[in-house]
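Okay, so subunit A shows up in both of these, paired with subunit B first and subunit C after.
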Partner chain A sequence: MNEMQTIDPDWAWQPFEPTSQRPWDRSLAAHLYRRSGFGADLARIDQAVMRTPAEVVSELISNNQETPDFRSTADSLAEATLAGGDPAKLSAAWVYRLLYTPNQLLEKMTLFWHGHFATGAEKVNDARMMWNQNQLLREHALGDFGRLVHQISADPAMLIYLDSAKNRKAHPNENFARELMELFCLGEGNYGETDVLELARCFTGWEIKNKKFRKNRYQHDSGIKSVLQQRGDFDGDDGVRIVLEQPATQTFIARKLYRFFVSEERSPTDALLQPLANLFRESDLQIAPVVERILGSNLFFSSNSVACRIKSPVELVMGMLRSLHATTNTQLVGRGLKNIGQGLFYPPNVKGWDGGRAWINSSTLLGRANLIADILENEATRFDGGSLSECLDRREVQTPDQAIRYFEQCLLSVPLDDATRIQIQESVESISGDTERQMRAILHALTSLPICQLA
Partner chain B sequence: MSNRSTSSIHAVGFLLFVAGCTAWPPAAAAEPPPGADCNAAELLPQTIVACAEFSGVRGSLKTVLNHPLRSKLEAMDAYRVLMESDATQQLRVGIGVFETSMGQPWQDALATLTDRGITVALDSVDGGLAILVQSSDADLLERFRGFVLALRQLQGAAVRQGDYRGFNAELVGDKLRMVRMHDWLLLTNNAELGKSIIDQYIDRDSDSLQTNATYANAAKELSASESDGRLVSAFLDVNRLRDAGVAKDVFKEKVDNVVAEMLLGGVLSNLRQTHYATAQLHLSGDSLALQLATPHQRDWEPPREYFFGAPGLATAPPLLAMPNQLFALSTHRDLSQMWLRSGDLLSDQASEQLVVADTTLTTIFSGRDFGEDILGSLKSDVQIVGIAQEFTDILPRPAIKLPAFALQFRMKNPAQTQPDLRRVFQSFVGFLNVVGAQNGQPQLDLGMETVGDAQLITSRYLPDRDERERLDAPIQFNFSPTLAFAGDRFIVSSSTALARALVESKDDPPGTITSGLNTRAEIEAGVLQDILQANRSQLVANNMLEKGHSKEAAEGEIGLLLKLIEFFRDVHMNLLVSDSQMAINLIIDVKSDVEAQP
Partner chain C sequence: MLVSMNQSRRRFLQSSIGGAAAIGVGAAMPACFADAATAGNQEQERILVVVQLSGGNDGLNTVVPYADDHYRSARPKLAIPISDVLKLDDDTGLHPSIRGMHDLLQDGQFVAVRGVGYERPNRSHFESMDIWHTCRRKNEPRPDGWLGRFMDQQPESAGGDVPALHLGHESQPAAIASTSIRVPTVKTLAEFQLHGNDKQALRELLQTNRPVKPTQDNELLDFLQSSTTSAIAASQRVSEAAAGYRSDVTYPKTELGNKLRVVAQLIDAGLTTRVYYIQHDGFDTHAQQTETHSILLRQWSDAVTALIRDLDAHDHGKRVCVMTFSEFGRRVSENASEGTDHGAAGPMFLCGGGVKAGIVGKRPDLTDLQDGDLKHEFDFRQVYASVLQSWLGADPTAILGKDYQPLPLFG
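== the complex of A and B ==
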């Protein structure tokens, strides 16, 4: 029997109530920050432990818009990179946002939608369009899914990526229509080939002219279409509405959110997802309530979730940096993430990143370790404005053993076994006299461990 | 400095002084050997490959410490922050201790300790390094020795001593040994080198650097030149370096990069032949001047006559002078000859790339040979100028504001060449438009205008209708590629405004033509500062992204950079070639009238 079938859906999505067997402690608070964002330092984790899980989750959800100051700074950086016109450099501006945002959940959800509505800069080849799409994803990241789909359907970068920049009535382009149902809203098996053809007719006349979306009424097929059991003289907006009305939409999105926040390893049953799907529909496809329900649930804080995901490269690197208040060369990080399989603005294909075990192979595991080493060796890397040893010293962490325990609490989702602990300690003892090198070696060793790849 | 830290400095200094006087026996033999009053070159072995002599430390210290810019520098916030840093505080304590030990201000002590010169020498045998300091005050030198030894002991390091022919040699670093020989102090990382110096000091019976013919020639050349304000004079035995196989790329017959060949081919050619090179650094209140020189012979020039001029040494045309000028460079280069002889000058790979480029360019120029017919139609005078662009009344305005630049050539036969160049430029703009259209880039609009007798073939990027008033337009909007023909002048400019200004300017701008001046260049610091200031937000953003700085920290760093540039007036460079010498002069002029800004 599937292990997930034994989980009671009612229990799963009930608010988490700490017990003596499963107390609300540093470990679970760190888990919450890792999953809802990229990680937090120990001080913040300790503050969270002083409050209830529901309070912390509620705060995370309520911080769903960037402050004007932060937005202005982050946008100005993006504009600066856009001035050069190179999409590859744009990823650095996003890295900056990931690294400094006070709204980690918002940025995490932006990353989620970037993988969901995957659009690659290699094909779009226009930094400004990619950035505009990114802003669109951020604007709706925790908002109205329906509005997001409507707007992404008219997004120049998306339409260029799916070869829908020209969609004429004589030759309806099926690409976008197919992906709208298969990848964005319904999933396979919830539509037929006829639906694809008919939905494509709805989008005829939607095109990109001078890098802007426009409806060319002369190229729109104004005939009667039959889409998902509805008939009428539909245009693209009607097509999106009809797709969003399908019951499969709420289940499809609930499943993707489950995979993103809870576990990619264990496939949930429809019954388990049903409460989330119901909530999504009942709240008119608002995203925040579903995310709040997931993050505050029994299942989220259970052994079915903790350490049941593999960190994406972004989660690994940002987690390390954010947990230690580190700043670094964001261009280096942007390039490094691309090298190990998660180039921001460069998803591999329209399906986005597969995630899960696909993140890890012998090459990417080595690549992860090398990227962390590059970051630690880069002269721009600072921890709380200074060296790593100074940063740790301010937290009363002075010895290798203390450092291992400190990093363990910030970065690991499962405890370190004694043998590995001793092995790391012995390996850094050879670096005598140089505390900074010792601390960096410990951090590198720990972040390169297989268990540190678990979220 | 607080009373407490001052008293602690005095206490440590006193301890060091006492320790220096009591714990360490006097280092030198009682009487100096006959002929001890020699110069450093007489003590150093013949195998020295490079040496630099520092003289006039007192004068240089005075120039720097009394410079009007000092007060401006000290008025800066960044200076205050630096002074409050831990490292600076430690340095200040160290200086205090040094002063107490020496019994005089550090400037005076340093000047006296080095008043007969400092020589730093690198030996070709085992890469040994020797520093020889000669002072008129042997007692002060001995106090300094005691200070170093006591300081090392206070740091917890054991001072190991050895004796060689009556002189104590103390280990004062990982490999660094210190020996005082009367009014000399020797520091070296190589025991054998140290011994040979001591042997020579006592015996004076071996060949020395002084008797090295190559060094003697270099020394003669250095002594013949201006010594006022000279801080450093240096010698490099290029022959020995070549024989040792050091920096092989520099001494290769053929260059890998066509741009490097064009800029430095003649210099590299000289380095392949010369026995030695000399350097001099002059410091004055308003400039820092570096001269690098080597001997030169005309029979070293082939196959690079394009660089030097044939049959006589060529002279660069005057520098162009334009308003808001960032830089100007003028040089003599027979580009046609260089292109046609590229097989003799460039490596096989670079040469092959040039052959491919030649084929493409010959096609673009309608079958006319690019090297022979096109470059061959131009004289060897090359003038380049860059200016800051004015965007105040320009829309759309690019987000990144680049300088405009232009190249000016002289045509041998304007009537014949002008139509060809004009037609090729028009074709090239058409080609750019086709490629640009495929990539969604803005399109160029060709135009033509006449200024007096001059003809301009202009082009400008056309913005989309709704982007005509953008203030953050793409980088392309810095450019309006333009060709201009005025008399025998042929101008290729990145902007129409600059081309127009050039044809409107006098044909022969004021400037002196110095015989043998192969290349000259200058950069205006004020204009550079203006350009950086115009791009300040971009620089701040890049700083934040590349260094992970906060906005405040990035603003501070870029602000500091701009303020430091404000201290400079300009930078001049020239390359002088005569029948016997090639010299590169680099002069950095500083201001003394900068307004202090917080």
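== the complex of A and C ==
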């Protein structure tokens, strides 16, 4: 807390200028790729080092829509899953995108919004609805926050999840109105209980009929409401507009983006967030400018950010796979992620994933090591189309020591200590006749280490 | 009865010693088991099992004021029909799904405390749950939970078992957060083992308690390292502990039933863990409540009853108390979706051989509401204070922040 107060907000969000103490090198480029997406291989990292950080960030931001080719491939695979109707299998369709997308930041932001507008497939129990919501999140992931909130307010999966599929004049349903303010836009303390009741009246008549959103004017309460100091015969769209107009909105979202991209450890002061909040409001709640400012900033590349987050399960697994051009059984990954606390389409509750230290306990730590083991042993797993040792050999990585250093550069945010390095090397000496098994054992060990759980 | 406990204890110790000897590491039996073999008095320590009903349990339809006309008029669709209520007296009864609890009450092993809540009730699930977990409001610092503070008070047990265990897939409840002790989460016993070709080498690598180099002054890395060490240690202890469990009680084949069976195994194995924490989710019944609520209550009642019966059969019944709570009750009037919205005060439940059975607290007054919700008669910290003082033998004032009048809940 105290440390946070000493950070100068102006310095924090200015464009990062590399210095001799903090040069733009492999380590910082890898940091950028891990945080803005899931990770890159060493060749990509080296290309980034040849350019300026601002150029690399600007390229990440400008890739804000999928190419039509990728989209149609990913969608047709999802359609095959949807035909089965089982939402549990939908996770695998998303894993495919996480694994193959050329737009890593877009996908990372889609995951961010899924945690923000958390909706669980267990309750919605309709794969198509969940998928449509996912596409909605992706469409606006780096777009207009206001439009996203308006559309999510009429999203069938969301309204079913929050028991707001029926909302009658005589009995306004408070649930969506409350969460819109508490969890989606303003945060607790920025509204009163009366605002919840009055805002709920605005949404009366909004309902889901035959799996579609509609406004039932016979159930709409057309009387005067008083919401957040504004009075009028508001409907739901007015209600969303009034909530979005609150100054708490820009600070609330800036804080959440800070937690997602920079650090979940210490709570940033409002003063530190103010430049981001101002930018968000001045950009009419456009998301991309704020994300670009964060990813290109002094603070993002400083010791207040590097190694100051814990990898989510998706970040751990996708980081390992993407840095080695690996492909695997997407169903296995989808199930495995759920098992260690980040089921795609299965957030724990309407608040989404708590993140940070909450990812970590005895069960999930063992689960992380075990999921990596299961992936490495799965027959569908390929590295650059072949075995791990072949993949590494093409990158001139042949010995255990070279392999440890290679993985270290892609996957770790702080250098490995020598004692651990030696212990890993010694542990694979007995299997030196089998290079493939050696390399897999090294990768398994490295990804299971506490240090590899740091993002 | 004491014999059976000692037998099971001996069986467990023998099996773990035998297992160790069989793979040629007889001398390397973990220190905790050696301690357990000598620490006989630990067996008398009392245990608390917390069952959290997440989402806000409808207390009015759990302990039912069935003869109250206001209840029927507020709940034209959701009131429990009089003929279905498990009647306790002329105006109070239990939901028909919790016959197990009804039987426990007849056996002197169930107490319900009605009207439990707190001042200025918060109707957000998360905020209200945080209040129950930490006993602090949002504007106060809350680095730990009430059970975490209880654990902090306990003398350090060198090489002993973890002081508390959370069973489930959910993130850890703040109630067991402690600033000094990390509580493990366990899902099933089988999952709690490393896999893979290199698991032995990996276990050794992860077990090493490596001092962090001063140059890497990273609190988060310290946290990850100590969490990893404790994960490996707990995994070994827990999986060995439950190996030889036998029981004649049939647990319901539900998630909660499975979890509570694991609790019984661990208790019977002689772990010195004092607190077990389990969540039972789904009580946020805004719509079509009747069926859902009935299923959830049955799952809870059947599983807890099975646990109590099983513990009795293994002679642990007198030293285990199961405490059930929810973050709030629900609105007195039903909504238009045949459900109920977030409310305020509700009942808490304690089960086990040590409780003073009965129904504590007045019949709720449905004509004296605040914003449509029940007012509380007892602060939840009064129940915590009773549990801490009379059951766990701790000083409640230090844990709860101030004096709360305990209730007569234990015999």
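We adopt the following convention: the second predicted complex is superposed on the first by the 454 of 455 C-alpha atoms of A that agree within 3 Å, B and C clash if a C-alpha of one lies under 4 Å from a C-alpha of the other, contacts with A are read in each partner's own complex, and residues count from 1 in each chain.
Following the convention adopted for this analysis, contacts are C-beta pairs under 8 Å (C-beta built on N, C-alpha and C of every residue); 3 or more make two chains touch, one makes a residue touch a chain.
A quick note: this is a predicted structure, and the numbers were derived from the prediction, not measured.
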{"item": "Room on subunit A for both subunit B and subunit C (clash or fit)", "value": "fit"}
{"item": "Which of subunit B and subunit C A:Ala54 touches, first, second, both or neither", "value": "neither"}
{"item": "Larger contact residue set on subunit A - subunit B or subunit C", "value": "C"}
{"item": "Apex subunit A: angle to the C-alpha centres of subunit B and subunit C, given in degrees as a multiple of 10", "value": "80"}
{"item": "Subunit B versus subunit C as contact partner of A:Ala93, first or second or both or neither", "value": "first"}
{"item": "Partner chain(s) touched by A:Leu416 [first = subunit B, second = subunit C, both, neither]", "value": "neither"}
{"item": "Touching partner for A:His444 - first (subunit B), second (subunit C), both, neither", "value": "second"}
{"item": "Where subunit B and subunit C come nearest after superposition, their Cα distance in Å", "value": "11"}
{"item": "Interface residues of subunit A shared between complexes with subunit B and subunit C", "value": "none"}
{"item": "Contacting residues of subunit C [partner subunit A, same complex]", "value": "123-127, 138, 166, 169-172, 182-187, 191-199, 201-202, 204-206, 208, 210, 213, 216, 218-221, 223-225, 227-228, 230-232, 234-235, 284, 286-287, 335-337, 339, 341-342, 371"}
{"item": "Complex contact set, residues of subunit A against subunit B", "value": "73, 76-77, 79-85, 92-93, 96, 99, 125-126, 210-211, 326-331, 380-382"}
{"item": "Touching residues (chain side subunit A, partner subunit C) in the complex", "value": "163, 165-166, 168, 170-171, 173-175, 178, 182, 188-189, 193, 265, 307-310, 339, 341, 348-351, 353-354, 357-358, 360-367, 369-370, 373-374, 376-377, 414, 417, 419-420, 423-424, 427-428, 437, 440-441, 444-445, 448-451, 453-454"}
{"item": "Subunit A-touching residues of subunit B, taken from the complex the two chains share", "value": "398-400, 439-440, 464, 472, 474-475, 537-538, 541-542, 544-551"}
